[in-house]
Structures are given as structure tokens and as C-alpha cells.
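Chain nomenclature is as follows: A, B, C, D and E, assigned in order of appearance, with residue numbering initiated at 1 for each chain independently.
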Amino acid sequence: MKKLLVLIWLLAHSLGAMAAIDAALLAPLAGDDPDARIEAVNRIAALASDDAVKLLHALQNDALYAAPDGKVYIVEDDQAFDPASGQKVAMPDGIDGISVNNRLRGAVEDALSGLKLLSENRTERLAAASELQKSASAAQAPLINKALEKETDPEIKAMLQLVAATANLVSPDAALRLAAVKALATSSNASLKPVLLGMLEKNPDGSYAEPEETVRVEVVRTLSDLNARLARTEFVGNLFYGVSLGSVLLLAALGLAITFGLMGIINMAHGELLMIGAYTTYLCQLVFRNYFPLALDAYLLAALPAAFIVTATVGIVLERTVIRWLYGRPLETLLATWGISLMLMQLVRTIFGAQNVEVANPSWMSGGVTVMGSLVLSYNRIVIIFFALFVVAAVWAILNKTRLGLFVRAVTQNRRMADCVGVSTGRVDMMTFGLGSGIAGLGGVALSQLGNVGPDLGQGYIIDSFMVVVLGGVGQLAGTVIAAFGLGELNKFLEPSVGAVIAKITILVFIIIFIQKRPQGLFALKGRSVE
Amino acid sequence: MLSVKQLNQYYGAAHTLRGVSLSLEKGQCLALLGRNGVGKTTLLKCLMGVLPVAGGEVYFDDVDITRMKPHERARAGIAYVPQGREIFARLTVEENLRMGMAVKPGRHASAIRQDVFALFPVLKDMLHRRGGDLSGGQQQQLAIARALLADPKLIFFDEPTEGIQPSIIKDIERVIRLLRERGDMAILLCEQYFDFAHALADKFIVLSRGEVVAAGAHAQMAGDDVKRHLAV
Amino acid sequence: MNAAIKGEGVDTTHGAILYLEDITVSFDGFKAINQLNLDISVGELRCIIGPNGAGKTTMMDVITGKTRPVSGTAFFGQTMDLTSMAEYEIAHAGIGRKFQRPTVFEQHTVFENLELAMKMNKRVAPTLFFRVSSEQKGKIEEILKLIRLHGEETRLAGLLSHGQKQWLEIGMLLMQEPQLLLLDEPVAGMSDAETVRTAELLNELRGKHSIVVVEHDMAFVTEIAQGGKVTVLHEGSVLAEGTMQQVQADERVIEVYLGR
Amino acid sequence: ADTIKVGILHSLSGTMAISETSLKDVALMTIEEINAKGGVMGKKLEPVIVDPASNWPLFAEKARQLISQDKVAVVFGCWTSVSRKSVLPVFKELNSLLFYPVQYEGEELEKNVFYTGAAPNQQAIPATEYLMSKEGGGAKRFVLLGTDYVYPRTTNKILRAFLKSKGVADKDIDEVYTPFGHSDYQTIVANIKKFSAGGKTAVISTINGDSNVPFYKELGNAGLKATDVPVVAFSVGEEELRGVDTKPLLGHLAAWNYFQSVKNPANAAFIKQWKAYAAAKKLPNASTVVTNDPMEATYVGIHMWKQAVEKAKSTDTDKVIAAMGGQTVKSPSGFMLTMDPTNHHLHKPVMIGEIKGDGQFNVVWKTKGPLRAQPWSPYIAGNEGKQKM
Amino acid sequence: MSSSLFSRPAWIGIVVCTLLLALLPVLNLAFAPGHSLHVSTYTVALVGKFMCYAMAALALDLVWGYTGILSLGHGLFFALGGYAHGMYLMRAIGRDGVYQSHLPDFMVFLDWKEYPWYWAFTDNFWYCMALVVLVPGVLAFVFGYFAFRSRIKGVYFSIITQAMTFAFMLLFFRNDTGFGGNNGFTDFKRILGFTIPDAATKATLYLVTLLLLLGSLLLCRWIVSSKLGRVLQAVRDSESRLMFIGYNPLWFKLFVWTLSAVLCGIAGALYVPQVGIINPSEMSPANSIEMVIWAAVGGRGSLLGPIIGAFSVNGLKSWFTAAFPDLWLFALGLLFILVTLFMPQGILGLVKKLRKDREAA
């Protein structure tokens, strides 16, 4: 409905005519009659002037204020402007923000996107067109046709044609409807489905909602195309979600793959190292917010080395003070690291409070890219997938291409002999544990971009991390990677049909059964060397 | 080169080494003899720094190494072929050999010297097999090769012929002889196989219940006194 | 449960206690044992020699069920197919083994090691209700003396020296009273005098048990082989078989094993 | 004794510490305030704090310890319904008093408990009505999304019955549960998107605790805006939003009986007092502390108990219970709240707020005055006539 | 291992402790509150709970300390025993619940009209007691059979036991599963007709727990000091060697594993009426890890150690959570670290060492 109003107004007035905003038009905005406010928005939009756009933007961004006398001002950086004249004015007393609720905000958005459809700027038009794709109605046909006439860009044109076709579905002209249904065969807009299905339904009197047989045949065909496309989208979606979950599991588990997988420390404080990594990210954000607000989006890049260093340092301190006395007694490490875990959690709780702290995605990681019509792949998840692969590659290189890697493996297999051939085992232990902890810190940076940052963050990942490492085969990096992505995919393909809990239970049962088949995990070592 | 004075060691309350003293010069081979359980391995472990000593002193090149860690001794030029091989079971043969070069700075440790393969050809065929999968004798060869790769100044052999086929025992004998004759190394050979030790040693000591009960030069080695201490 | 687990009645009517036929064992394509054939007669003491890596230990692994061959058959007596039995079934059927590396229960005392090995019904309930009889105690004493660990029976086995562990393991083997003893390098790490003692012990056991000994100590092998057969393994198959003199004179054996 | 002991039973560690720690602090602040004004009947209040560590059996043990060992006169505590259920038998057995400050599912009336949070008709039902109204977006389809435990289950059962009574068909309602601590909402958000293709959809979220942040982050990144699919939450308040970047959440809703953004002198004083207290006690993040509904409910509860004790002139449980009925407190929500003598629940106003960029709420709807609680929802068959103790 | 498992002082300690523990409820009933000899109901309840934990720790020691099988899932058996007993206790509430229905409250608000099939006969106390033994026992047997047959060992075994308890926790958290979801069972009224809050009922439950704890201790002692005990330790140290001398480790492991699960289940069953609630968080992996910690702190592989550990860790926890509500995690965490570093054999190990040192001196 609201859209219809906007568009009628837009048409009724000659587009592009410049007119100052009448104060009378503004007055209802400050009032509290919701319908009047919406009508005011629409009338302002109909002015289609730069001032109108500016005003609507101000309304959208909570920058529109009202004085006690009912006059409306735009306030920017503690400066008040009169929207009617655009002049800077003295800040009136008792000025208060005009509150916007969802309904009004929706109306403003629609008005703006209608205006943008005729904008000079291609990106704006494109955005407006894809916005319209989500919900188009018959009343929009004239505007869309008008925009279509002017439009030269093929991509936007194709979009608008689909929008026009959607609008034509309810046209009284059967030929138009037929053409529309045909045109929509390439659409992947899920909200078409109920509309098309509705055309196939029978009225109470037994006649079809869509009277023409030929159109109905076409509807069935389009529907099956649409369904196929949606199914494909869903499949790709699940695939992506699985990879994404897998990369999270992988980042959570990688550090443990080193401290537990290679060094044999049942590190129950691993989760807390993730948490410390996440809190370091938070601190980096704070520092940037306070000292480099202009470069705020770069805080994450600074957080990576910072988190690595902080967690590696914590790891090294733990190793030197506690863990180093426990080599060769893996179960004791469970006990001591459990204690460490409790202390670290409480420490963070004491310093930062029990509540979660806010870590925002930098703007380049907010939102997502739309593919296949409707599937949104969020940037933060895409970035994390690539980040996970990068970290794995780095760890792999360190362990297999450097002497440190060789020494680590030698020390864990036969500490005493490694010492006897000249390896400073203490140093290697320290560096390895530091590395594993640092990697956990990097994992924490990634996790901070997806979920909570709170004292309990680590507890949510510790079990999964152990499952991943064990399923992959202790000490097998490749196994860890495959296990993480395998579990991610399995989870995401199960979840739509059975729900999150049963999916998780199924996965745990799967792990139990899988270990029966391969008692040493996915990449089991075989032969005498194991005994 | 190596000089040990009045070494004492305890396992709990058990006094395993009682005032053991010995000395060894460059180019010499000292045979360490004794029955099972008299403390031979324990002595080597103490000299390598794997076990702490309760009393006594160990000098290597006139440096007091009594309190040094094993890896410090290894870097100082001591290599060890332990009883029971102590191969890194899940490293490949190649990686095991590389570990032998752990004492050297990274850039000198890039390639494995080919002469060890001349000595133990079987290792060349097995380079990519895991150390733990090898047969007992193959592991023993690997352990010796690993020790030699460190280019040590002093080397401890703890029963190097144990489980080795006769032809390779001869090879090992040749190797040790070669090392001795090269003259740049001191060798401490702990051995139960008397003939083997006899063939190589310049001098010997016999342990019994942790005490040196006989010592002497090569010539006295075949004497009855030694036999008595070795008999059951 | 089959007869094997009760440990009674190995059918040796054809005079042989162990038959290996065309056994092949492969590790990732590497043939550790290749078409191996071997018979051991009842009461025989057979020495097996061969280069390091010839497959001697692997052969014992096959006999004791530790390693499964990719092809071939292994029979204990006429009826028991070893390739289809579990390790404990084979042990219970009457095959005892001493490993190349001494393996004893390090956290148990010497006495307990022997007690655990002792021949008896080794299922859960009998074990739970077991009490050592004085006769059994006597037997353990006897073995303790034999392996010269008398007076050490309350020490933890883990604290023994290498050679003492070897002895203990032999003692455990004897407690099992097996029909067939497999000894993998029993004198490795023993002094010459001790080696002589072991040879005496084996000579004593000769005839009471069937015995297979793997050793590299030629003096020892000569001592115990006496006139009996010696088998030389090489690259997983039998290279030569005969008396000690014959084998030692064999050019191929000298070439690959004894050296010049 | 010259002091009156009062117990504080909130988790200071474990998963619930996130929410409950600030209730402990508010309780301490209120006690300090009362003591500063002379205490109760001339005696100072002495708080006894224990940490039940988010462990339900430990709640029972600690409750028993407070009552029988420390001899407290009253206990302020609990957050989750399960913790309340686990301590109930103890309070009944030892005939002691519990003040419970959190919104819950109803279906309960206990003589020993005073409920200062909302019952479903004081939160869930008005919020749903709002979503169906023109101003609220006129939602026709509903996703009932919750954490799988008694509070969301029961609330959704009531809501389903309510929606049915408003003519919403079963196929237009989707009920989804996730476990506590669930953190991967990709599939669920994708499903919401799919479901919303079928008509104007709103999400009613009874997600509790840690899961809210990942849920909202996913929602924001998937491009589901409040103008498309509004989400109304019953367990997300100012405190929870401290841990979230709220820019992508603009316009999503929450229903409570109090918001920090409510403007009135009582609230201004309450906020000021809390901020000063946080700064004085050097609470972590003292500069950014916020107030929220359960904190307000705690504050009100303690004051009401004080008034009742003074009226009864005794801390004896039965006397205090008798005196509680009809007590009123001018609350920071701006309304005079009354304790219902028959059902031990507060009469509370209902407010609906939209999330703003600064983590506060913009109140877009509220009731004219306080509503009486209906702990036994009339939408559930068999509950008629159960509204009294 | 020495054949006389408990030394003379240990026996004296056991007898003295048993008598002291038995005395607690008597002092509680015999003396009025305020009397200097009075022991508070709270203390008695607390000690009752600790005894249940001690029994679980003892059961864990049998598999971990003696057989080397580290279970990170024993909380599950404890909880299942608790749930089995809890089913009876729920049925015994009758129509006294909030909804005054014959069904438990949670079934009413899930709209269930009848008991699901697996609740059949649970109104019978003895049937539920059978379940207390059978449910953990059968589950452990089946799980153990497959795991041990596949020769799953070490951390692999530990992790799948953790997966098992985690899976069950998620399952029980679901309300649809029919065990009360997150809330679990609570608000019990009576047992075998006796009112649960009654002091006499409580004292009886307490004494039954004490007797069963003592019984379990003696049973375990008998087992570990038999030859079977030595076989178990051999399983721990060298399983493959054991096979080559003719033992099938599968049945030995399965025997102790199942027995341990059953003991744990019984402990859980005793716990529920005394604590008054059972819910799925008992199955959380953290709870199982805590059990391991009790055993380790006390000294594993010694039977008495885990009991001492369960009492001391839980005692400290109870005290700390009240005395230092903001800091107790530091104290507890530090305790675990210090015990590991300085008392590798736990409290009992330290005591033994001190005694030995004194004898030596």
C-alpha cells in the first residue's frame, strides 16, 4: 500500500521540478498521527528534489529534530539546518529527535528507492531495482515502464523487466499475463512462488483463479523452473553454510591440533586462549575507536598480530610455569589446564565484567554479496573461510618445512632422545606451545566476528575442537582440516530437515561410530611405529 | 678428553653407581664391561646427562659438564647410541637422520652426508619408511648412523651389536675401528659381546654392582680376572 | 568358544605342530614376507636366522595373530587356523612368545608378572576368584630361580635392567607352559656367560616343548641347534635350510648374512 | 541481631553470569540505599552473597544454605525458570521468601515467591498484538524462535493458542528451538527468509542468553532488515545489547515493562544512582553501564519487601507475605506498581521498544497503565479460575 | 602393587570416618538447633551429597585408576541412575503437582495426554530401582562392547565418552524427549510413602547412602586386590602383552566398565532425592571432568583417594562459593594446578610420601 502511494505521487507530479519544501508539509512529521506522518513522507518524496532526498535521509538516520513549537530541523554535527531553506540556523531550545518506527522507516526507504530508480547514478538505480524485485505490485507498473523506457543499462533493464512482469501477473489482459509468466521463467525470486501457486488454486465455485488454460500451463512450467532454481540455491546455500561452519571449527581446533595433537597436552584451557584472542580484538577495536577513529575499519588487521602475540605470550607463560612439569603425564595436563581455564575465565570476568563486550564487524565485513538471485553470502563468513585456509597453510608450512616442525615432532615422540641429539627441548616446547596458543588467538579473532565475546566464549568451542582433532586423527593436520569441513557440511545438510539439536546429536553419534571403524581417527597411523 | 671422578648415582634408595672413575683420550676406545644389571647403561646415561648424578664430577675437554643438560653435551660434541635404539618411531628414516644433525646450525644441516649410506646401505632404501616400522636390526643401524651424523668428538655406544646380523656386526666393527684410527674421536663402548669389545678396545673397565672392579689396557682384557667378573 | 581357547588338544597326528604355507605379508606394497613356507615338528627346536629385516619378527607376528597375512595359511597342529584366531586365543591354544624388545608389565612385581602368565583359565570369573595354591607358588619359585631373579620377586619389573627383563620374559613364557615357544632374540643384550646359561636352559627344554628361536648370535645358535635344522630367511622367504654346518657353508648365506 | 540478613542468589560464574551479575550489583546498590536511609525497622540490612554458578542443583543447595545456615529473612535471586523450579521446594520446605525478578512463562503460583517480572500477558501477548497491528507492520506469518526450555516452550504454546484465536492458521506459524549456547544461525536465518517469502512475517524470539549475539549478527549480514522481517525479543534488553553492534539491528523490537530510555524523574534518579554506584564500586566497564528490566524489577522488589516488613513490623515469612499484598512502589518505569495480593505478581505496564543505533530502545508503544498479571494464561484450556493463590 | 591394599591406619581411618559420618544425622535429630552438639540439616544434606559424589569418584577410579580407561562421560551414568530414580519420584508426586494432573507438570504443558511408553511401570519403586542398575549398566555394556572390541584406546576413548554424554545431554535438554527438558525433575514429595522433607526420611536416605558407599568401597577393594585387579592394571600398562599371554582384555575391560557405570548409576539414584533435582546439566561434559578431578586430587588408583578427593574438592567448593563468591574460581583453579604440580599422586599420595619420609628419618 505505502509503495503505491509513493509511486502515484511520483507520477502525478512532474519529475525533477524543483520546489522548496513547504513548512506545512513538514509539520505532520513532528506530530504523532502515524498515518499523517506517512502521508507527509510520501508528499515530500513526490517533490523529487534534492532537498527532499536530503530530508528523507535525515529522517532515516535519526537526524531530523523537532522543536517544541513543532518546527522541524535537520541536525548535523551539532548544527541545525532549516529544511525549508537549507540555511544554517541557531540550535533551538528543547529540540528533540523525531522518533521513527519501522512503518515510517519502511515508507521512507520505499520513497527513497522510488526516487533512486530515476537517479543519474547507476549504482543507486541498481540498488533500487533489486529492492523493487523483492516486492513489486501491479500499481508500480507505470513507474517501472517509465523507468524501463529511460534505462539503458542491460543489467538494470533485465531486472526491471522481471519486476514489470511480476506486476503484470495480475493484469486483466490474459496475453500480458501469459507474457509475464513466460518472462518470469528466469526469475529466482522466492516470493513469486505463493503468487504463482495462487493462480493455480481453485475458487470456491470450482473455477480456477487463473481462468486461461494456456496461462496455467505456463505457470506450471515457470513454477517448476523456479522450484528447481530455488532448490539449487538452497543446495549451494547449504554447501556454503557448511564450509563456513567448517572454517569456524577449523580455526577453533587448529591451535589444539598443535598443543594437543602434536604435544599431547589435553589442553582444557584452549577455549580460553580463543577467548583471550577475541578480547584482544575487542581491545584493538577500543584503541582504534579512541585514537584512530578514521581507520576504525582496519582494527581487525591490527588485531591479528596483536592477538597472536598476546595469546602466544600467555601460552608461553603457562608452558613455563605449569605445563612443562607435566610432559609425559598427559592426563595430569587435563587437570592443571582445567584449573588454568577456570582462572582465566574468572580473570577476564574480573577485568571486563561478566557481560559480553561488543565487537563490531568492520564495514568491509558487514553485509554480504547476493548470488543466484537470493542467496546472501555474508562477507564476514567469506573472509573467515579464506582466513582459515591461510592459517592452515601457514601451520602446515611451519610444521613440515622448517626445522622447528621436525624438532616438535621429535620432541613429542621421544623427549629424552631429542635432548640427547642436541635439541633444546625446553625451548622447542615453549615455542610450540606458544605457536599453538597464538594460532588459538587468531581463531579467537575470527570467532569475535561471528558471535559473542564474553568470558564463556571458549567453553562453547572446547568440545567441538577436541572432536575435530580426534576425528581427524591426533597429530594429523590434514585430518583436522577434513574433519572440520566434513562435520560442517554434515551438520548443515542435516539441519534443515531435522533441526539443530538432532543434527548435533547425529553428528556426535556419527563420531562415536566412526571411531569404531577407525579407532585412530580419519588419518590413522598404521604399523609398528604406533605401538 | 673425558674424565670421570667418583661418580655416584641412586635410584631411590638403591645405590647404582658407586664412585665410578674413568678417563678417556682422543682416538681411544674404552670398553665398558659387566654383567646384566651392574649399571653400565646407568653410567652412560649419567655421562650423557639423562640421569642426574648424586656426586662426582665429569669433565669433557677440561670443561665441567656434570650439571649440563643433555642437549648442551650434544652440542659440545658428545653423541649417544642408546640401548634399545630410541628411534623417533613416527619420523621417517630421513627425518631421523636429520635429527642427528640437530646440533648443527640450520644451514649446515641441509643434506645428509652420503657416507652413512655407504656404511648402512639398507637405510638408503628405507629413507621414507617410518623409523618405528623398521626391523630391530635396521633400527640399530639407524641409531648409529644418526649419532655419526653429528660429527661428535666423543661417542657412547650402548651395546651396538645387540640384534645385528653377523655381517653388519663386522661392518660396525670396521666403522668403529675406522673412527678410532682416524684419531679425532673418543669412543666409549659398552658391550656384552666380549670378542667384539676385545677386538676394538684400547683399554677397558669392568663394572660390578656399580663399582669399577677391574680396569686395564687391552692386553689384560682377556685375563682371568675379567672373566671372573663376567661369569654368572 | 572353540577348542583353542580351552588350550587343550592340539591335534599333532601328522607329527607337525606348525605349518606355514605360502604366507605373504605386505606393508603398503612392501613385502615383508613373501610366499614363506615353514613346518615345525612336535618337539623340535628350530633356529631361524637371517639378515636384519628378513621378516623373522614379522613371521612371529603372523603366528601369534598380531599381523594378518594377505595370503597363505598358518596352522597350529592339524586343525587350528591361526590366521583366523585372536591373539589371546592363540596364546591360550599353546603358543607363547618372547618379544624382540623385552615387554613385561613394568608396574607389576616380578612375582606378579609370573603369576599373571601362569597357565590357568584366563576368563573373568575364574580370575576374580583365583587364589594361588602352594603348588603354584612352588612353580613360581622354581622359575624365579631358573631366571635368576630369586630375591627380586617383589621388585617392580620396570626397574629391572634390560637383560633382567629378558630373563623375566622368558620366565613368563615358561609359566604359560606352551606347546610352542617362539623366542625372538632371547640373548640379545646378555653377556657371553649368560648366553651360555640360556643355551643350557633351552637344551633342557628341548623335547618338552616345540621351540622356534630367532637369533643373530652364531655361537649361541650353534650351541642350541646341535644337529637340528636351521632355517635362513632372506627377503621374506626361505633362503636356505639345513644343519648349522651346511648353512654356514652356504655361499648365499655368507653373502647376505654372515659376511666374510 | 542488630542487622537483618538478606540473601542474594544469582550466578556470578558460568553461562548465566552474563545476565545475573548485574542483578547482584543492583541488589547491593538498593540495600546500600536503604541502609543509608536508616535501614529497615532501624536495623541495617546485611547482604549474604553466594554463587550458585549457573548450576541448578547448586541453586537448591545454596538456597538451603542461605535460609538454614545464614538465617536470611528473604532471598532475592534466580533468573532462569529452571533455577527457580529447583529452589522452590527448598523455600516451601523451610517456609522462606523468594523475590524473582525476571519475566517468565507463568503457569505457577507459589505462596513463598513474589514475582516481580512479567507474566506472559504482560509481555508476550501485547507484543504479538502490536506486530499484527497496522503500526507494527501487520504481520500475517510468525516464526516462533526460542531456546529449548520451559520458558520459551510455554510462552510459545500460549502464543500459538493466542494466534489461533486471532485466526492465524497453523501453516503460518513456524516453531523452532535451538539449544542453550547455540551459535550457528545460518540455516535458521535462511529458513526465516524462505518462510517470509510467503507473506508479511514477524519473528518472535525467546532466545535466551548467549545465542542472541550470533543470531542478530547473522540476521544483519543476511540482509533481513526490521522493515522486512521484524524480530521481537523477550529476553534482549539493554544489558544484552551491550555486547552487540546494534547498527544492523535498527528497528528490531523488544517488549518489556521498563526501558532505560523511559523519561521520568524516578528513572532519571535510578539511572543516576546506578551509574554512580558502578563508578564508586569500580565495576568492570563502569563507564558504560546500563539499566534494564530485571534490574528494575529487582530494585522494586527489594523496596516492596522493605515496606512490607515495616508494615508487618517483623521479618517473619507469613507476616511479610500478608503485608505484601497491595504494596505499591513508584517505579522507574514511571508507574505506580502494585503487588497483587491474590497472585503475588506485580501489576506492570507493557512497553515495546525498537532498537536504536546506540543500543537503547525507542519506545514505540506502551499501555496506558499497569496490567494485572495472568500467570495462568487464559489461552490455555483448563486454566480458567486458576488465577488465585 | 602391594597385595594388602589398605594399610592399618587406613583401616582405622575407614572405621572412624564411617562412625563419624553415621553420627551426623543422629546429632542433627537428637539435639535442638542452637545446641552446641547440633549438626545442621544443611550440613547433613551436604555430606549426603558428597557421599554420592564420592561413590561416583570411586567408580571412576576403578576404570581410570586401575584399568587406565579415562572416562569423560561418567556423569552420564550418574545422571541416568538419577533419572531412573527420578521417574519413580515424579510418579510418586501423584496429583500434588502444580497442575493436579496424573502427569508430571512438564508433560501437561507439552500437551501430552498420556505417559509415553518408556514411562510404563515407573510408578513401581522396585522397577525403577532395577532401571537404576540396568539403564547405566546396559548402556555401558553396549557402548563398551563396541568400543573395546574396536580397540579404541586412550584419548580416543575419552573423547567418544565425552561425545556420548554430550549427545545425551542435548537429547535430554530437548523437551520432546520426555524427561522434562532443561528443568528435569524436581519438586519431589515422597518416597515409598514417606515424606521427603521429613527429617527421618532424610536421615534414612543419608544412612542408606553411607552403607552403600562403604559397601562399594569394600567391593572395589576386593576386586582390585584379586588377581583380576592385577589383570586390570596389566590392561592399563600393556594391553597387547596381556593378549599374548592368553587374556582377552575385552571382557575384563567390559566387566569393570559396566560395574563402574552401575555404581555410578546407584550414586546418581541416591543423589536425586537428597538434592531434590535432576536435570541434563548433570550430563554436561564439565561435570564428568569434575569427577575425574575429584579422583585425581584425592589420588587415583587407590580407592580411598577418590573418596577423599570428592569430599575435599566439593567441600572447598561449597565453602568458597559462599565465602568468596567473586573469587572462588581463582582459588579452585589454583588448587587444581598446585595439586597437579606438587602432589602428582594426589592427597593420599602426599600422605603416604610424608609417612614414608618420616619412617625413613
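We take it that a contact is a pair of C-beta atoms (placed from the backbone, for glycine too) under 8 Å apart; a residue touches a chain by one contact, two chains touch by 3 or more.
Here's who's who by UniProt: A = Urea ABC transporter permease subunit UrtB; B = Urea ABC transporter ATP-binding subunit UrtE; C = Urea ABC transporter ATP-binding protein UrtD; E = Urea ABC transporter permease subunit UrtC.
Here the structure is a predicted model, which means the values were calculated and not measured.
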(message) Looking at contacts between chains, which pair has the highest count of C-beta pairs?
(response) A-D
(message) Quick check for you: compute each chain's CA centroid and the global CA centroid, then name the chain with the smallest gap between them.
(response) E
(request) Considering only mean CA positions as chain centres, point out the chain farthest from chain E. (result) B
(message) Let me spell it out: compute each chain's centre from its C-alpha atoms, then which one is farthest from chain A's centre?
(response) C
(message) Using Cα averages as centroids, what's the distance between chain D and chain E in whole Å?
(response) 35
(message) Quick check: how many Å separate the C-alpha centres of chain B and chain C?
(response) 30
(request) With chain centres taken as the means of their Cα atoms, state the distance from chain C to chain E in Å. (result) 45
(request) Find the geometric centre of each of chain B and chain D from their Cα atoms only, then give the gap between the two centres in Å, rounded to an integer. (result) 75
(request) Could you list the positions in chain C whose residues touch two or more of the other chains? (result) 27
(message) Quick check: what residues of chain D touch more than one other chain, meaning two or more?
(response) 12-13, 148, 177, 179
(message) Two or more other chains touching the same residue: where does that happen in chain E?
(response) 170, 173-174, 240, 326, 329
(request) In the complex, go through chain A and note every residue touching chain B. (result) 403, 406-407, 409-410, 413-414, 416-425, 475, 525, 527-531
(message) Quick check on the complex: what are the chain E residues that touch chain A?
(response) 70, 143, 146-147, 150-153, 155-156, 159-160, 162-164, 166-167, 170-171, 173-174, 240, 285-286, 289, 292-293, 296-297, 326-327, 329-330, 332-337, 339-341, 344
(request) Mind listing the chain A positions that touch chain D in their complex? (result) 34, 62, 99-103, 105-106, 109, 134, 190-191, 193-194, 234, 237-238, 241, 244-245, 248, 345-346, 349-361, 366-368, 370, 374, 376, 378-381, 450-456, 459-460, 491-492, 495-496, 499-501, 504
(message) Could you list, by residue number, the parts of chain E that touch chain C in their complex?
(response) 1, 223, 226-228, 230-231, 233-234, 236-238, 240-249, 251-252, 255
(request) Please give the residue numbers of chain E that touch chain D in the complex, ascending. (result) 40-42, 45-46, 49, 98-99, 106, 109-111, 170, 173-175, 181-184, 186-188, 197, 275-279, 281-282, 318, 321-322, 325-326, 328-329
